[in-house]
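Shared between the two complexes below is chain A, which has chain B as its partner in the first and chain C in the second.
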Partner chain A sequence: MEEIMEKLLAYVTKSTNSKEIYSTDNIFEKGLVHSLFAMQLILYIEKEFDIELEDEELDFEKIKSVKDIAELVYSKM
Partner chain B sequence: MQIEKIGVVGAGNIGSSLAHSLMLYNKKIILVDVSKEVLEKSKKNIKQSLRFAHMYLKRKEKFDANLIDNITFTTDMNALSDCDFVVENVTENWKIKEEVYRQLDQICRRDVCFGVNTSCISITKVGAITTRPDRVIGMHFMNPVYLKPCVEVIKGYHTSESTIEEIEAFLERVGKYAVIVNDFPGFVSNRISHLFMNEAVLTIQDGVAKPEEVDSIFKNCFNHKMGPLETADLIGLDTVYNSLIVLYESYHDSKYRPAPLLAKMVDAGLLGVKTGKGFYTYND
Partner chain C sequence: MDFEFTKEQKDLKKEVIKFAKNELCDGEHGVFSRELWQKCVDFGLIGMNVPEEYGGMGLDYQTSAILLQALGYACEDSGFVFAITNHLWVCQNLVNELGNKVLKDKYLRGMTEGEYIGCFAITEVESGSDVFQMQTKATKDNDGYVLNGSKMFISNAPIADAFVVIAKTENEQGKETLTAFFVEKNFPGVSIGKKISKMGLEACPMAELCLNNCRVPKENIVYQEHKGMKVANYALQMERVFEFASHIGAMERQMEKCIKYANERKQFAKPIKEYQSVSNKIVDMKVKIELAQLLLYKIAWKADHKKNIFLDSSIFKLFVSESYVATCLDTIQIHGAYGYSKEYGLESELRDSIASTIYSGTSETQRNIIFSLIDII
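And now, the complex of A and B:
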């Protein structure tokens, strides 16, 4: 789980050119990313962790923070 | 006239996005481009974003993946011969557009209306090279088209009232609405937005701030959803550059001269989202 979190934090930090992101930050509300980033983020998760998100998981609520994404990824591995 | 079959010419960013948007409304689309590679890329992108469309449109039900079958991807302009309406989205370059319209005018029925999806080329000038200037209208769709209900619609000198009414009704049927403006270089949107983007590039060039700082000021101080440099990256820096050149040549006003840094980035192939790098870096 920690490894997933680390990878995700590094990816989101790099992609958003941010100095520091906390795992519980709502990345969409903080204005760190525009909403189109969600698609890029999901494609990254699927490729990196070799999983496929279900239709009902394609929801901004479920990927709003690095912690949420890590939990989602972990539950599917 | 009922518009059911629509020709979309140009399968770049905006053409693909438009085809994607119309596809969601079950319209039949003929998407034409001179490049097979561009068409393949367009198909891949449309398939991919179709998977996410319900998420962005806040729908519970996912869209049917087979909707993509409503789009015919082709390099053959003659496939447009039985379309009820054509929207052209080719490069913002007069010579290219001129050639396309001469062909379209020959291929399409006389009653077919041509929507010029441009951010800065004169609608009146396009109308003048066709035999149907009354049926030529500017339609500046914003990217991504399926998420942007508002369309800047431009009335050329000869555009008829019936064409305007028809287009307004059509847009309503595909979940959009028109703001109608007059034909003048850059219309409203680009005349203003390109000054923002160009000046933002100049602040980077002059070392005033970093891209994320410039964008942060627009987002967090002015409450814009995106900053000017993110927007430029999304549009494509080559497109922004070409549009600035058109504005500069139209007004002969130095305020529209493209920033040298912008020209340099275009020369270096740093075109923004579509090439993976512009003012920001993007992953696949």
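And now, the complex of A and C:
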């Protein structure tokens, strides 16, 4: 779980050009994401963690932080 | 993945080709015909992937892709085909796949039965692929929204009865969001600007859509409030696949014309097909068609299995549109002066094909999207 979180944190930090993001930050409220981010994130997760996600699984109403995303990935592995 | 056609798919494909050749060649080329539209409704084409309970055929995406390719092959007026695919994939399918039951019950049957021709309104004068630059705003008003703004280059607008409009909204936290609305032409405040003259696809007319204090009931929100970006992304990815499926059929038709002409046309006592500079062009067409088909069937399979197709749809759109233009240019080149003359209609197909590298995101935008989606390491 920790390893997943670290990888995701590094990816989100890099892809949103942020200086520092905490695992519990609401990355949507912070205005960090752009229109392609959701698609990039899905493709990154599928490639990095070798799992398949359906569009509906990444419901950004429920999944708002890197911690939430890590928990979803962990549950799929 | 299994792309082997079933007997039903083979039969339906034959039926579509027969129907389009017999029924859709009567109209004046380049002029939209409501009568031909109704024939497509009666045949079942307009409701191909809509559930039977709403008057459709309930076909899956794989079969829909096959039928759209067949339609593009047999109907020589690409503008008319574009009017159909535009209605299907960026309006009707949004109601079908993302609409709630109230919205479906209100509009879906009317769309499959020819009462409503639809289109998608997202582009504005200053905002294309950069959608958050849009100026059209929807302000909350009791149990609905009031829309103000104008949308530009809207395909089907002059013939449409309904529009899926993407507008800026504000959520409870005061954050700027997008929301999609289903707007009827007859709603007060809706007006259509002058028809925009363009170089091709004339049977799919284009105009500006103006919204002036247009009140839309809350029940006409497509999908959910503040989720317009999802609707837009979904519309664009489906459009990039299923509208472009018909272009593969158009390429097949052009290739067949080239083979026929290269067999009949003789220069220096032999058919021009015997010159490799001619036959190689036809071979390149075949390679493009085969690769495009493989991509199409793979993506349709993924769509049927609810898998993500965002990256695939951009790759497919880019490849098909650029292949289509290249095929049209080579078709004219093989036909020489006949190809350049208006009489053979090949020049109009070239003009039509150029639009495919522009609408639904230009080739340049597709390359930007593809790179941003593979630059994830």
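Note that in this section the second predicted complex is superposed on the first by the 71 of 77 C-alpha atoms of A that agree within 3 Å, B and C clash if a C-alpha of one lies under 4 Å from a C-alpha of the other, contacts with A are read in each partner's own complex, and residues count from 1 in each chain.
The definition used in the following text is that a residue touches a chain if its C-beta (ideal position, glycine included) is under 8 Å from a C-beta of that chain, and two chains touch if they have at least 3 such contacts.
No experiment lies behind these values; they were computed from the predicted model shown.
**Q** Have a look at where A:Glu52 lands relative to chain B and chain C in the superposition and call it first, second, both or neither.
**A** Touch partner of A:Glu52: chain C, not chain B.
**Q** Tell me which partner A:Tyr22 touches in the superposition: chain B (first), chain C (second), both or neither.
**A** Once the two structures are laid over each other on A, A:Tyr22 reaches no partner at all.
**Q** Taking the superposition on A as described, I'd like to know which of chain B and chain C A:Leu43 touches: first, second, both or neither.
**A** So A:Leu43 meets both chain B and chain C here.
**Q** Show me the chain A residues, by the header's touch rule, that chain B contacts in one structure and chain C contacts in the other.
**A** Dual-contact residues (chain A): 11, 15, 31, 35-36, 38-40, 42-44, 55.
**Q** For a test of understanding, state which residues of chain B touch chain A in their complex under the given definition.
**A** Touch list, chain B to chain A: 48-49, 51-52, 54-56, 62, 144, 211-212, 216, 219-220, 225-226, 230, 234, 280-284.
**Q** Going by the contact rule at the top, pick out the chain C residues touching chain A in the complex.
**A** 131-132, 173, 175, 229, 233, 306-308, 310-311, 369, 372-374, 376
**Q** Please give the residue numbers of chain A that touch chain C in the complex, ascending.
**A** Per the stated touch rule, the residues are 11, 15, 29, 31, 35-36, 38-40, 42-44, 46-47, 52-56.
**Q** Hey, which residues of chain A end up touching chain B in the complex?
**A** Touching chain B: residues 11, 14-15, 17-18, 31, 34-36, 38-40, 42-44, 55, 58-60 of chain A.
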